[in-house]
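Below, chain A partners chain B and then partners chain C, in two separate complexes.
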Partner chain A sequence: MRNNLKKELKSVFDVPPPTRKNQFLSQLNYPKTSRMDFIISQLGYIRKRTWILSMLLFIGILDGLYFYKVSNSFIWVVSSILPFISLSSISEIVKSTTYNMKELEMSCKYNFLQICLVRLGVLGATNFMLLIGILILFVGKTDYSFIRLGLYITTPYLLNCYGSLYVINRLKTRMIMYVCCGVTAFVSVLNTLLTIQINEIYTEMYWLFWPMSFIILLLLSAREIVKLIRKMEELQWNLSLTA
Partner chain B sequence: MSISLEDQYDKIYRYCYSKVKNKDIAEDLTQETFLKYFNHTSYINRGKPLAYLYTIAKNLCIDFYRKSNREEDLKDELFGADDVSTFETNFAIKQAVSALPADLQEILLLRFANELGINEIANIMEISRFSVYRKLNKALDILKNILREEDFL
Partner chain C sequence: MELIIDRLTKQYENKIAVDRISLTLKEGVYGLLGPNGSGKTSLMRMICGVLKPTSGEVKFNGIDVNEEEYRDSLGYLPQDFGYYPEFSAYDFLLYMASLKGLTKHRAKDKASEWLELVGLLDVAKKKIKTFSGGMKQRLGIAQAMLNNPKILILDEPTAGLDPKERIRFRNLISRLGKDRIVLLSTHIVSDVEYIASTILIMKDGQIIHQGSLDEIISVIEGKVYECSVDSKMTDYLIANYPIINIREESDKTFLRLVADKSPCEGAVAVPAVLEDLYLYYFNEGVNRDE
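Moving on, here comes the complex of A and B:
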C-alpha cells in the first residue's frame, strides 16, 4: 500500500512541461569541466591496489639495486615481475569493460570510450614512468646500454600486454580476470625458464631476438588496442541493465 | 558532484511551479536560479551544489511572493485544489497532499518527484537527516489516513 502511494505521489507533482528549456540551456554560459579536471577525476577511480602494487615493485627494485649485487639474474627477476604490473593495469580495463561501473555512469557526460582511454592513458603513463625509472637506476649498475636493458625488461611486459588484450578482445566472460592472471603467470614463468635455460640470452648471440620480439609484440599490442577501441565504440551504456 | 543541467532544469522548474503555481513565472524563476547559480562559480566546485541550487530557487520564490505581497498564499496554497486530474485516485491523492502543511508537501516533492536523497533534502531544508525521516513518515501517515477515510486505500 505504502509503495503504491509513493509511486502515485510522483504523478501528483506533475507539472506542465517547460516551453523555453532548450532555448535557455543552449544559450546558457556556464563553466565547463576542463580536460585536466576530467583526467584528475578519473585518477580517483583507479583502485588503490594498482598504485600500491606499482609502488611496492618500484621500492622492491630500489631495495634490490642498493643492497644486492646486480647481475643477469636480477634482470630476469625484474623482467619476470614486471608483467604483474601490467596485470594490475589490465585488471582496471577488465573492470571497466566487463561491468558497467558506477563511476562511468557518473561521468556519462563523456562517452565510454573517452573514459576508458583516459584511464588507459593514465595507467600507461604511470607504467611508462615506472619502467623509465627502473631503467635509469639499472643502467648505472650494469654493463648494458639503456636501450638494450630496456629491451630485456620491456619485452616480457609487452608479451603480457598482448596476451591479456588478446584475451579481453576475444572472451566474453566475467571470469576474464582469472584468464588474464593465467596469462601473466605463464609469461612470468616462461621468461624465468628461458633465461635460466638459455645462459647466453642476454649476450650478443641473441641480440637480434630481443629487438625483433619487441617490435613484433609492440605491433601486435597496438593491433589489439585498436580492436579494443573499436569494441568499446560498439558498447552502449547500461547494456547489461537493458538486456 | 556534477549537475546534469537538463535533468536539474526540470526538477527546479517543478519545484518553482509547486511554489508559484504559474508556468511562465516558474520558468522565469528556474532560469534566474541557474543564472545566479553559475554567477557564483567559486562555490560550485567546493560546496553542496544541489542544496545551493535549491536554496537559490527557494529564495527567488520567496522574493517573488514578497514583491507581489502573496507570501500567505505561498504558505497556504502550495498545491491548490484546482489541479483536477482525470484519474480519480490521483485527484484524491492531490487533494490529500494539498491538505498537508507546506513543509511536508515540499519534502514529498523533493523525495518522490525530484527523487533526492535524504542527505540532499536535509541540506536543502536545513534540517537533520532524522528530521527528514520523521517528516517523511509523518506525511505518508497523514496521507494514508486521509485516503483511508475517503476509501481510496
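Moving on, here comes the complex of A and C:
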C-alpha cells in the first residue's frame, strides 16, 4: 500500500530540478587522508627500479658470499657498488626538479618538502637496513669486526651522498641527475683505485683514516641535508621568477 | 571568503619584482594583466606559498599562506608545469589528489569527474607525453580543481592554446568563478575582457589600476581617436601622442592614438577598449604594419 502511494505520488508530481546543488556540495567537509595515509600513498610513487636495484644488489652479495671466498677485493667491490644504491635514492629526490613538478608539488596540502622528507625517510631506512643486512652477512665470513667492516663499506657510500647533495644544493639545472651520475661514477672509480693502489688500505696502518673520513662525511652530509630542506621551502631564484 | 594581500613585496638582489601590493579579493574572477617582467608570476607564486615574500603577508579567512590549511583551500596552475614520464592523465590526477589529501575513493571519483569536464576522459589512460599543449593545459586545470579549491590561481592559463581551446577555457573559468576566488594572469587582453569581473593592471611590480572593465577603461574613455593622415602629419602625431596602432594604407597612414582633444583635422573619437588602455600603458615601441 505504502509503495503504491509512493509510486502514485511520483507519477502525479514532477521532481523539482536541484538548485544550488554545487554550492551545497562544496560546503560539505569530505574526509581527508591522515598523514600516515599520505606516507603510505607515497610508497607507491617511488619508482620500481629503485626497489629492484636494491634487491638485485642484495641478491648479488648473497650470491657472492655463498659461492666465493670473502677477501679484501670482495669488500672493495661491494663498497664500490653501494654508491649506486644511494644514486637511485638521490634520483627519487631530484625527480621533481628533473620533471618540473616541483612548483605544483609545492602548492599542495602535502607539499614538496613533506614529499621529499617521506622519500628521504623511506629510502634512507631501506638503504640502512640493506647495509646492516650486508654487514651481518659479511661479519661471519671475515676477520674484521662489525664496526670496522661497516666503516670500509659505508664511507664511499657517504662520500657519494655528500657529493650528490652538494651538487643538488648548488646546481639549478634540470640535468642535475646526470651530474649526480658523474659524481657516483667518480666515487666508485676513486674507491676502486684507492683500494687497488694502496694495498694496506684495510690494515691497521689506515685505522685512523676510516673513522675520521666517516665522521667528517657524516657531518658534511648532515649539513647538506639541512641546506636541502631549507631550499625545499621555496622556489630558488632564477630569471624566470622575475617574469 | 576573503583573500587579503598586505603590503606584499619581493626583491631579487637589486630588482623589486613585487612592490608593496595590497589587495582584498572576494568571490569572482580577477584578471591580472601586465607585460612580461611586470611581476605577475612572482605575485601569484607568493599567493600560492611557493615563493617567500621579502615582506608583507597573505591570508585567506585569517589563515596564513604558510599553513597547511591554506594550501588545502588552494588550486594552482603554474605557467609551466611538468609531469612524470610514466604517468597517464588519470595517474597524474590520482598522484595530485594524494598530495591534496583526498582519500583513494574520492580521488578516483574526482579524477574521473574532472577528466570528463575538461574533455579528456577518452584519453585518460594515455601517457601525458602524447598530449597537445591544449590537452596539457586542460589537465592542468583539472588537477587544480581536484580539491574543490576556494582559491584558484591560474598563471597564463590560455598561453599556447588555439582560439577554439581558448574560448572553451574561458567559459570553464567563468563558471568556476561563481563560488570561489579565481585569479588569472595573462597578457592576452581579450581573455581578461571576457571573463574577469575585476581587472588588475600590473606594471613594474605595482598594481597601477584596478576595477571593473568600465571603470578601467574610463581612464581613456573619449580620448581614443582614429585618423588617416599623410606622412608629415604621421611624424608629428607619433612625436606628440601615445600611439596605439599604425597601419600603412595606399597613400596615407591610419593611426589610432590617445589624446585629450582631437589631435588633427579629420580625427574621429572612437569607443575605447581594454586593449587601448593596455597599449597606452605598455606599448613602448610603435607597431607598424608594413
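Simple rule for what comes next: the second predicted complex is superposed on the first by the 191 of 243 C-alpha atoms of A that agree within 3 Å, B and C clash if a C-alpha of one lies under 4 Å from a C-alpha of the other, contacts with A are read in each partner's own complex, and residues count from 1 in each chain.
One rule holds in what follows: contacts are C-beta pairs under 8 Å (C-beta built on N, C-alpha and C of every residue); 3 or more make two chains touch, one makes a residue touch a chain.
This is a predicted model, so every value here is computed, not measured.
Within the superposed three-chain model, A:Phe186 lies out of touch with both chain B and chain C [touch as defined at top].
Shared-chain residue A:Tyr166: touches no atom of chain B or chain C.
Applying the stated contact rule after C-alpha superposition, one finds that A:Phe24 touches chain B and leaves chain C untouched.
Contact with neither chain B nor chain C is seen for A:Phe58 once the two complexes are overlaid on the shared chain.
Residue contacts after overlaying the shared chain place A:Tyr45 against chain C, while chain B stays out of touching range.
The larger set of touched chain A residues comes from C, when the choice is between chain B and chain C. Once chain A of one complex is fitted onto chain A of the other, the partner contacts of A:Ser11 are limited to chain B, with no touch recorded for chain C. Judged by the document's definition of touching, chain A residues 30-31, 33, 106, 109 lie at the interface with chain B and also at the interface with chain C. Looking at the complex, you find that chain A touches chain C at residues 22-23, 26, 30-33, 37-38, 41-42, 45, 47, 95, 99-101, 103-111, 115, 233-235, 237, 240-243. Within the complex formed with chain B, the residues of chain A that make contact are 1-2, 5-6, 8-13, 15-16, 18-21, 24-25, 28-31, 33, 106, 109. For chain C in complex with chain A, the residues that touch the partner chain are 12-13, 15, 17, 36-37, 39-42, 45, 48-52, 68, 71-72, 74, 76, 78-86, 95-96, 98-104, 106, 143, 147-148, 179.
On chain B, the positions that touch chain A within their shared complex are 2, 4-6, 9-10, 13-14, 17-18, 23, 26-27, 30-31, 34-35, 38, 41, 44, 79, 89-90, 93-94, 97, 108-109, 112-113, 140, 143-144, 147, 153.
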